[in-house]
Structures are given as structure tokens and as C-alpha cells.
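What follows is a single structure, and I will ask about it in a moment.
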Amino acid sequence: MELTEKDIQPQMTRRRPGQSAITTPRNEKDRVMIQSGTEFGVTLGTPIGLMVMNEDQRPKDYGNQTMDLYPRPSHADYTYAEKYGVKASSGGGRSSARETIGRVAAGAVAEKYLKLAYGIEITAFVTSVGNMHMFPPTAEHPTPSQNPEFLKLLETIDRETVDKFLPVRCPDEKASEAMADLIAEYKEREDSIGGTVTCVIKNVPSGLGEPCFDKIEAMLAHAMLSIPATKGFEVGSGFGGCEVPGSIHNDAFVRAPDAPAAPDSGAARNGLPRPKLTTKTNNSGGIQGGITNGAPIYFRVAFKPPATIGQAQTTATYDGDKEGILAAKGRHDPCVVPRAVPIVEAMSALVVIDALLQQMGRHEALRQLPSLKNRTMQPSDNGVSMTQ
Amino acid sequence: MELTEKDIQPQMTRRRPGQSAITTPRNEKDRVMIQSGTEFGVTLGTPIGLMVMNEDQRPKDYGNQTMDLYPRPSHADYTYAEKYGVKASSGGGRSSARETIGRVAAGAVAEKYLKLAYGIEITAFVTSVGNMHMFPPTAEHPTPSQNPEFLKLLETIDRETVDKFLPVRCPDEKASEAMADLIAEYKEREDSIGGTVTCVIKNVPSGLGEPCFDKIEAMLAHAMLSIPATKGFEVGSGFGGCEVPGSIHNDAFVRAPDAPAAPDSGAARNGLPRPKLTTKTNNSGGIQGGITNGAPIYFRVAFKPPATIGQAQTTATYDGDKEGILAAKGRHDPCVVPRAVPIVEAMSALVVIDALLQQMGRHEALRQLPSLKNRTMQPSDNGVSMTQ
Amino acid sequence: MELTEKDIQPQMTRRRPGQSAITTPRNEKDRVMIQSGTEFGVTLGTPIGLMVMNEDQRPKDYGNQTMDLYPRPSHADYTYAEKYGVKASSGGGRSSARETIGRVAAGAVAEKYLKLAYGIEITAFVTSVGNMHMFPPTAEHPTPSQNPEFLKLLETIDRETVDKFLPVRCPDEKASEAMADLIAEYKEREDSIGGTVTCVIKNVPSGLGEPCFDKIEAMLAHAMLSIPATKGFEVGSGFGGCEVPGSIHNDAFVRAPDAPAAPDSGAARNGLPRPKLTTKTNNSGGIQGGITNGAPIYFRVAFKPPATIGQAQTTATYDGDKEGILAAKGRHDPCVVPRAVPIVEAMSALVVIDALLQQMGRHEALRQLPSLKNRTMQPSDNGVSMTQ
Amino acid sequence: MELTEKDIQPQMTRRRPGQSAITTPRNEKDRVMIQSGTEFGVTLGTPIGLMVMNEDQRPKDYGNQTMDLYPRPSHADYTYAEKYGVKASSGGGRSSARETIGRVAAGAVAEKYLKLAYGIEITAFVTSVGNMHMFPPTAEHPTPSQNPEFLKLLETIDRETVDKFLPVRCPDEKASEAMADLIAEYKEREDSIGGTVTCVIKNVPSGLGEPCFDKIEAMLAHAMLSIPATKGFEVGSGFGGCEVPGSIHNDAFVRAPDAPAAPDSGAARNGLPRPKLTTKTNNSGGIQGGITNGAPIYFRVAFKPPATIGQAQTTATYDGDKEGILAAKGRHDPCVVPRAVPIVEAMSALVVIDALLQQMGRHEALRQLPSLKNRTMQPSDNGVSMTQ
């Protein structure tokens, strides 16, 4: 596959700190360099080494006497000490969200493949900050999955649109402005606030995901909850869907429109067939029995308010002997959701490509088998799914 | 470890169908037999083989002409066909929730160890059915994690108490009755409804979970979303926590009370020290930076309304050529949450024991190292965590 | 894939005890039953459950007082006790070579696929018993890989031929008889003897195996050394090849004959291209840089003399307090190599199918990518390898 | 654990090219730098990043027209092209044995732990070059494992001694000189030659290794056959052991001498008990049933003659259209065994530490269980094994 830094940098830049007044003022260019695994701009099949140099560090912000004595509340300081028996003196060390830079870089490589091969598009955006929601529950639409406006947005949203709503990345002008104000308010108070990110994955082939422990929603949940500061994950109708009767919640099947595969994708080039069926509604979020059905996958991720705040907090020393006051230094985001958007996209890409490669092996294996006698269902050659 | 069928059967029985008028009338005794891996009631260290025989099957309920032609809406019928290119004629086959019987059996073995060694107790219970919530959000307590009554319940709840509230397993008399009525109503209508299960894990040692991709909440989310019919997972303050400012959400540290380890546990017998610190509040749900801090872990899992309902549904045939009406036969639960309780507990036990064994290896490894010179922190011998 | 017990039983029968006077007199029919994963003789894509019932057990042969006190020399009795802290009273328990029955059953399923898809044929045979070698080293041919007769045998040998040389399975009349006599002699003396099994895998596509830790020879070595009683593994020229200069050892490339893919295979049906090159000699054993080149893979596995012998042996009790004499009861093989033949084949099939599925995923992924500009090498569609 | 570059560099230096006239003249300092995972010379528990810069590269040696057209015989050039569909223009790329530098660095970290904790010592040395053997088979001692001199050497050998026999690293003056001459001769002729490396691992605790697929010899075989240019692996008596009757081959148990644990090790500091039993002979190579018994583990690895030689070789182009003559440029070793010594040691350390951590988790888990009633065997606290 053709691959250069240009394929990776845009997501690095979307993630990097210092993008606006409401994110951390730490300024990192986050330039990525490919160290190995490609030659003349083409991947060699072997591991791809990527490097990003840190530029704007201030370890002194961290290694002061107070932060050496007091574990920061709701941060990993205390649990790392419990787990490893030592603590790094500078910054959160391993627990710093700076580690997500590697996820975003890897995700960008995966995404390039997914786009080229199947026209898969992954777009995340902010759907709430604090109690300010883009789609607040109403009597008529208790949950976004029942809301036609939300479902329409899923069909049309793309990253370009999302980035028109910087710095918050909530693709609704009014909500976006209100959220920006809210974040600014928390920043002013040296406090912080949480929010949610919704992500949609379009053009995923049917048949991805394993039937039992590695259902695709289980892999997505694993991936999302591994992102620092996350507290929850819901797919399709999610928690709201628990309140809807089965007779309404069930997604009836209908014949899929004869749409071709995503233009400019390998699937289109190779004339791969699309699924025969689609669903009238999409409470399933594109997944049934742990396996994709070809409809858009969508899910929502909860991010808590960042633990490190400038406000003074009363807390205890590592050994429990003393109570004292901690006012964190360091430069931190008052709300992480705007910068979480590319991280959620990256982790999604990694999950989808893993499931895709696994199913591709199975599908390719099937191509070499003789037809089954007396079976109405015969495998088609659509790349990964096996019926026609 | 001493292990007989008696250690495993109780959870099998709590999970089995036919427990009450509001669960599926399919009647399975679900007697478990140990086939290998123990001798004279003691585990041999080698794999434990367990067997449960099916008794009350009616494959004919499934293999009728209608269900051969029409994939059931929101069920795995269609996606399995897409993935594998063939479909089982009888029942949901592999996608049947009957597969959770193996999870419950394995979980019971893990739980026995966790209880004996650390006094770890895992208790799940129903917190909502449809829009009937045990702890509905109020102005004062927007999320259960802010509600002192909820936090108190977490400290005291056990399985015995939960089972006093059969058939729903919601440990609140009024809520429980209302939920039972609600389920009966949906059953009457040949419809179905979802709900949520909350689970608390007490006496978990600090230091469990890996810092990056395998954070303990990520493993739990993976495990829970692998259970059939789940749509969401939230840990600690969860989605509600996104709306609380950091200054309130942060869990300040305080000296832990000098409580001994759980009585009758190996930890108590071996005099293992407890963590020095605990937190005033527990919005973190016992996990910080992906690693346990010793406080109770709690989380909530969303279960959608079961897809298989008796009501007639308009849907399409596998090949998309025909629209028709499907009214499912088979005997199904109108609401899965009461029976999901032991499944959530089992998956929790499997996650915790995996994390525990991983950390135990690390801790045991440390015991053989010489003390570090000039370090204030030295490893203690509390079984898994490494500071004092 | 079509699959019934008939596909699996033949290898079970080749492995089963009681086949001849020189194997263990324990008589097991080893009838395999498919429990799940197929319907109407076709695999469903989900796990295949297989069951074999034990019939001719005599646990009393094992649980006598002597064998409770004395760990058998060179057996797993002592190390299992060290590892697990308990010991099974009956037989070797988990360490019994009876566990290989599962390997043979699983291997037979894998083999069926490999044969149908690529015409892959795996044939193992006995090449030595004690110091009796089928291809003893000579001045001219210090190692079999230099011996044209050996190389010719690799091209032509099949299981039918091998089984003409029962009970030893060494496909050379004279050697086979001498080996049978040798084994009978050891049996008579209540002693045991070792031997080697050579295995050839034909029609393997090029491109299988991973470049670094999971080289295909590393996976094969892992698989072979996991078989009980094995002491060594060599691939291609092996240990003998270390003594041959590079100028002779190197396998020069030549244009491959325009032979079609194996007849009746999926590769032939789908018109998949064969590799452009082959090698004049095959000291590489079909593997270069850890990756298959399309030439036959061959390797040799060393089996030690069985540890359990009837002869009296002086040894010590578990606690080391007493020395005494142990004369094993139980019914055991004086030489395992004849029965090891299907086990070596089975483990080979499992390694090859794993590597094949992994590469198939990669190859299928490539099919959906656009052509690279300005590259002379373009992927072909031969199922797994990527050049033309 | 305390860890600095000083712990890692010595093995890097032992592996580096340019050590003597009989190794490749490519001159690399191979200075290792720790990038992350330690602070103030102490490991933090999180991943350790290491970096070694290349200094003496000459990609022009590789990218010439001839080597672009002709895959080198017995090298990975052709199979990489088959696998990945592209080829790197410079050097062997990923298939270069330069990748072993990472193995040696990681192995050095593992070794430090093994030494500190259990006094484990891993020493490899050259036992043959071409047909020149350190312990040639004799009538009396058909295999080294029967040769008392060899067994004595295993007990006493260490790296310091081995390095006295540079450049060949065969710890026998006469053999070493003859081997050096032999290698020089092949170098002169622009040819190459193979050899074998024997490795012994002392002070390994009993109880390591898994009973079925991950027997410790299987893991070692996997690790060794993953090293470039290896063709075989044998453990304990190995291939020679197949020719010895069971009555002689069996290792009778005897009470172990009351030797303390290795001095200065954690095992000694913590007063861990040693195994009660040892064996009179050691044909098992310290492993029985896939599990260590506490006796020295020893094994031998076969290295083929390097494929890249200066001599002209007739071979074919990638597309098979043309035959031609290839005389490799690049600077290569005429015999790899002297430099393979630290690589074999490193891979051994990685296998042992993995098995150790796995068993440590199991052992630590056992410590928290109550004693079994009515069992004569009770777990002891010796760190990993479980009996006394």
C-alpha cells in the first residue's frame, strides 16, 4: 500500500495539544516520521516504525515536592504506586494521555487501508459537554437512536464538517457554541468537565466480528474503555434502548437498495456485491449477534472530567499519614472530548481492521473449497461475507 | 483447591430457565458434572472439564418453514448467514444465549478461588426494567454514584438478599414488584423489554489491571459486551459522571481505616496488609488509570429487549425477494435481566481472576529481588500490590 | 466444508493402541463422534466438538502402593508434583500420551481442508529405530538431504504406501523388518527404544510463515516438541547440513516446470498460478527466511525410548527419603514411533493451516487495494502468495 | 529492578559484527540506549524502550542491478517477494540477521532478573564447526549426554571461560584452533560453513513449563528455530538418545544434596527450599513431561552455512526467465556460530522468564488458599514449585 507521513499527520494534528484557547496550552507539533516498513512510499509488509519527538516538555511542572507527596485525586498516581512499587517523578509518566499519540498514528495507517479497500469512513464528533447535549432526550425520542435527525446526521457527517465546528467538534452551531462557553467557564474556574463522543463507521462489510467472546461490540468496548478518562460505552440504542419495547426496538429487514459499493474503493473496482438486506431502523447499531450486518455502526463513549485541575483539593499523602492541599501545576485540558475525537476514530479503525483481516482469512479459505452439493446458500466472492 | 459440583451448581441454578412465570417456560435442570481436572474433590492443576446435558429441547419450534425463510429481526440469523454462508436449522444454534451456561460454570470456579483467597464478593442485581429505575436521576443526585443510598447499598448487598427479591432480583421491594408487573405486561402482549444490571465487586486487592490497552475497566467492558443482548457498559460514575465538574467528581484520598483483610480469607490468614489509602467518594468505581485502588468496583450493563417475540413482525426473506410476516415460536424470556444477574457475576469473576494471576506473577517475581538502595518505597508482601 | 466422522476416523485408527504385537496391548477402538459444529454433514463455521470414549481402562494398574511412593524415572510424575503440588492417582493423568488423541482428531479436520483447497499432502514415516536407520549417513551422502534416493522418496511417498509397512511404518522392506525385530527384542526384555519420524508436506503454497518469531520452521518445531517423548527436530538438511559448505548447501533457483496446481484441488479449479521458481536442490526443506517457497517441506523428529518399562529400576521416593525398586505395571509401547506417525502428521496440519489462514487474510486484504504505480511487481491472485 | 545500559551492553558487544578477522568486517559499535521505562537506574514497571543506532551501513552493496534481478539462493529474497509482493532494495531488509540485536538486548534484561532472583546462569558455546566436533560420537559415548566429560563441562562452564576461546567460542583449546582454521579456510574460498551451538541453563527452579502445547522444550525449540539460519534443535540426549535403550536412558531419581540455593540470589536470601530429588544421569536435559525438574537444561542448535557467499553461483531471475551468475557483495560472516552464542543465550532467557512468570502467578495464587485437609502433599513456599 502506498503510505507516507502525509497519510498519518492529519490525525496527529487533530489530536495535538495547543489547538485552541480551550485546550491545554502545551504546544506540541507532533510531527510523525516513518522509520521503517516502507520504501519509496510503499509498505513492505514488515512492521512500520513511527517516531514523534516531544518538544515542549516541562518536567519541573511535575516533580515538585507537593506532587511527590500527594497522589493526585482520581489520577493514576496512587494505583501505579500500588501496582509497581515505584513512581515516576515527572508527569504522569506512562499514565499520561500522551500515550494516545501512538494509537492515533497506528489508527491512521489502518484507516487508509479501510478507505482504499472498502470506502470505510469513520467519523467521531462531540455529542455532549457537561449537561449540554446535542440530542437531548425528549418524550418522543427518548434516545437518539429513535431520533430521525440523529440517524440522518450519521448518514451525512464527515470529518471536514466536524472540523468546521472547532474548537468543540460538535457539528451543530448552537450546541457547539454553548459547549465552548461551558468549557471556557470551567477553565476559568480551574475546574474541569466531562462529555461524550459519538462515532459512526460507514461502509463496513457484513460478517465482521466473532460470535462469542470477541463480538465486534465487545472489541469496540474494550478499545474505547482503554482510552484514558473513559467511563462508559454504548452501541446502537444503548442504555436508552433498554426502555423501548422489543416490538419497536427490533430492526425489521428490507431489501437493500441496489447501491454499488463505495465509489473509488477496491470493493467497487472488484465489483463486490453488497448485502441483500438492510434494516428499516438501526437500533442494532449495525451489529447483530456480535457480527456486522452492513448498516452503519455507531456508538457513544463517556469521558469523565479530567482529574488534574488547578483548584486546591484536600487529600492525603501516599502513606496516609498527612492530609494536605494539592493544587496541580502542569498544563491540562479542562475538557478532553474535542481532542478525544481522533483517538476514538483511531481505536475504531484498529478494531475494524483486526476483525476484517480475521474474516478475510476465513473468506479466502472458503474460495478454495468446492461447492457444497444440495445447498441453496453458496458463498459469493464479496471479499469477506459468504452468502448471496 | 477443593472443588466439587456443589461449588458450581448454585449459579447454574440461578441462571437456568423456567425459574418463574416471567421467564422462559423452557425447563432445564442444568445439572453440571465435573469430567476431569479434579480427583477426590481437589483440583489437579490441569484443565477442568465440565458437562451439562440438555433435557428440554424442542428443535421443531425452530425448524419451520417460516423461520427458514425469514431471518428474525435484530437476531443473529442474518449476520451468521453472512459470516459463515450456512445456517443451522434448529434454534439460534451458536448464537443462542444457552452458550452462557459455560460462562456461568467457569465463573463459579473462579469465584470460589477469589472468595477463599481474598474474600472477594461479586454481587449483581437488577437496577432497571424498561423505564422503571431503582435509582432514578434526581436534581440532587443526577447519577447513582452521587447518591449516598446507592453507595450504601453497594457496601451491604449480597446474593442472598438479591434472591429475596425473586423473580426480578431488584433488591427494593416496591421497585421489584413494579418491575415484575411491567415484565408480566410485556409477556402478555407477546412483546419484550430491556433493563440494566448493576454489579459490585468488593475486596479486590489494589494493583490489578494493565496500564494501557488492558485496563481493568476495558477488560470488564469487553467481557460484558460479549454477553448476548448487551448494548452498553458504564463504570463508576459512568455516563452521568460526564455531567459532574472535576472538582466534585475527583475522589479525594483519605487514610484507610485499619480494617483487617476479609475474614476467613487467605489474605487474613496470611496477614496481608490492606491499602494505606482509600477515597472519600467513589466516582472512580474502584479503578484509577485502569488499575484497581482497593475500593469497590461497580458498573452497570444495559440489556436490550429480547429480539425473539411472539408478536407478528413484517420483515424480508434472506434473499430480499419477499416481504412477509414472522411470528416467532420457541420459548423465550420477555426480559433477560433477572437471569442475566449470574452471567454478569460470572464474567466479572473471570476478568478479575485473569488480572489477579497476571499481577500475582509480577508480585511474586518482585519478592525474589534485592531491596532497592535509597528508595523510600519498598515492596510489601501483600500478595499483589507492591507498596507500603 | 463437508465433514463427517469418516474424515476423522482413519487417522484415529492409525494412532490407536493395540494395532499389533509390538504396540501396547491396551485395546481402544477410539471411535470419534462429532458433537457440534456440523449439520447435515456440513461445517457451520462454529466450533466443532468431538468426543472419544475410553473403553479399556485399568486404573488399578497405576494406583498401586509402589507407584504412589515412587515417581517413575524420566516420566512426568515428579515434575507434575513439583508444578501442581498434587498428583493424580491413576495413570499419568494429564501427562499420558492419550492426550494426543485430540491432536489427531483436530489435525484430521485441518488436513481435509488442506487437501481440498490446495492438494496439500502430509506423510510421515519412520526413518530409524534405535541405531537402525533407513538412510544411514555415508561418505558420499553425509546427510539424507544430499541423498537423491531420499529426495525421490519424498516426492512419491504417501500414507497408503507407508501403511504397507506395518507395524513399523518404515517404507523400506528390509529396514522395516529389521526394525520390527529390534522392537520385539526390546519388548521381550521389558525395555524400550527410541527412533525418528520423518515428515514431508507437499503442495504447500509459497508465502506461508512469519518473518521473525513465527517462522514456519519455528512453529513446526514448537508443535513437534510439544508431542510427548520428543527430543529433537531438524528441518531440511538439519544437523547434517551444518557440515556442508554454503556453496553446495545453497539451493540454486531454476524456472519451475509449468505444472498445474494439484489436480482436484481448489487451487486447480480456480486456476491459481504456481510459483515461477523452484530450487535445484532442497537443503532448505521448502523454507527460506522462515517462509515457504513452494518446494516440499520436510523435517525429522526424534522420539526417546518410552520411560515406562517393565524392567526393575532403582530409584527414590517422592520425598527422597528412601531408595527402592520400581517395576512399572500398565501396558506400554516398547517404541512409540509407529504410532507417532499420525500424531506428527496432525501437528503438521495444524501448523500449516494456521499459517495459511494468516496469509490468506493478508492476501485477501491485498486484493482490494489499487495497483501500485510504477512497480514491476504486482500481486497475483493465487490465493496466498503475492507476486507474479 | 536496578537497570542501566551497563547491564545490557556486554551481550550487545559479544554479538556485534567486526569482532575478529573471521567475522564480517562490517563494524558496528552497537551502543544501546535506554529510552524509557527506567528512572534513576530503576525500572518503573512500564515498557522499556531501547535504541541502537546503525553506524556502518553500505546500502549500495545491496542495491545493484544483479541483486535486483536475482534472488540470492537459500536466502529470504525470493520468499519475501512471494509473501509480500514487494522487495526492499537495500540489504536483506527485515530478513537481515541484524534484527537479532533486539533479541539480545531484551534477553539481557531478562537475564539480569533471572540471575538476581534465582542465580540462573545461561551459557552457550560452540560445539561444532563443519565436521569438527568438540565431542565427536564414540563407540562408548554415542551421544554427548552419555559422555561424563560433557556433563562435567555443563556444570562448570561460564561466559568468561567461553570468551577465552575467542574468536570461535568453543571452550577447548585444540578444537577451537582447528575450528578457527576451518572457518578461515572457508572465508578464503569465499564460501561458508555451518556449526552447532550448545547451551546450558543452570539453577532453573523446578515446575516451569506447561504440560501440553507449551512444554518448555517446545518453547525453547520455537525460540531457537526463530533465529535466522537455524536448521535443528535437540534437548538433553536429543537425536542420539533415540539409540539408547530406555533402561539406560531413564534418569533414576536420587535424593538431592542439601545444597543451598545459588548464593547471592533472591532464592538464597529468602531461604527458598531446593527440590528434594535430583537425577543420577541427565538424559532428560532437566525437563520431564515438558516441565523442569531442577537439573540443568541443555540443548543444541544447528546453524546452516550462511547463504550469502562471495563465490559465483548460477541461479535464476525472479521471473524465471533468465539464468545468470550471482556473486554477492555485502560483508558477511563465513560462519555464524561464534556470534550466535549470545543470541541463543538471549532467546533462552526470554523463554525461561516467560515460563517463570506464568508459574509464579500460579504459585502466588496457591499461597492464599487454605491447606487441603488429609493431603500428604502440601505446597511449600519456594517461589514457584509447590511440593515439599
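A, B, C and D are the chain letters, set down in written order, and residue numbers restart from 1 in every chain.
Just so it is clear, a contact is a pair of C-beta atoms (placed from the backbone, for glycine too) under 8 Å apart; a residue touches a chain by one contact, two chains touch by 3 or more.
Predicted, not measured: the structure shown is a model, and the values here were computed from it.
J.: Expressed in steps between touching chains, what is the minimal separation of subunit B and subunit D?
T.: The least step count works out to 1.
J.: Tally the contacting C-beta pairs at the A-C interface and at the A-B interface, and name the larger one.
T.: A-B
J.: On a C-alpha centroid basis, what's the spacing between subunit A and subunit B, in Å?
T.: About 24 Å, centre to centre.
J.: Centroid from C-alpha atoms only, then distance subunit A to subunit D, rounded to Å. What do you get?
T.: 42
J.: Taking each chain's centre as the mean position of its Cα atoms, how many Å separate subunit A from subunit C?
T.: So the centroids are 45 Å from each other.
J.: Pull out every residue in subunit A that's touching 2 or more other chains.
T.: 42, 45-46, 80, 83-87, 94, 211, 372, 375
J.: Spell out the part of subunit C that touches subunit A in their complex, as residue ranges.
T.: These residues of subunit C touch subunit A: 1-2, 42, 45-46, 113, 116-118, 211, 265-267, 269-270, 356-365, 367-370, 372, 375, 383-384.
J.: Name, in rising order, each residue of subunit B that touches subunit A in their complex.
T.: Against subunit A, the touching part of subunit B is residues 70-71, 73-76, 78-87, 92, 94-95, 99, 128, 130-131, 142, 186, 189, 191-196, 206-209, 211-215, 217-226, 228, 230-239, 241-247, 249-256, 275-277, 279, 283-285, 287-294, 302-307, 309, 311, 313-316, 318-321, 323, 359, 366, 372, 375, 377-379, 385-387.
J.: Per the contact definition, I'd like the list of subunit A residues that touch subunit D in the complex.
T.: 39, 42-47, 80, 83-90, 93-94
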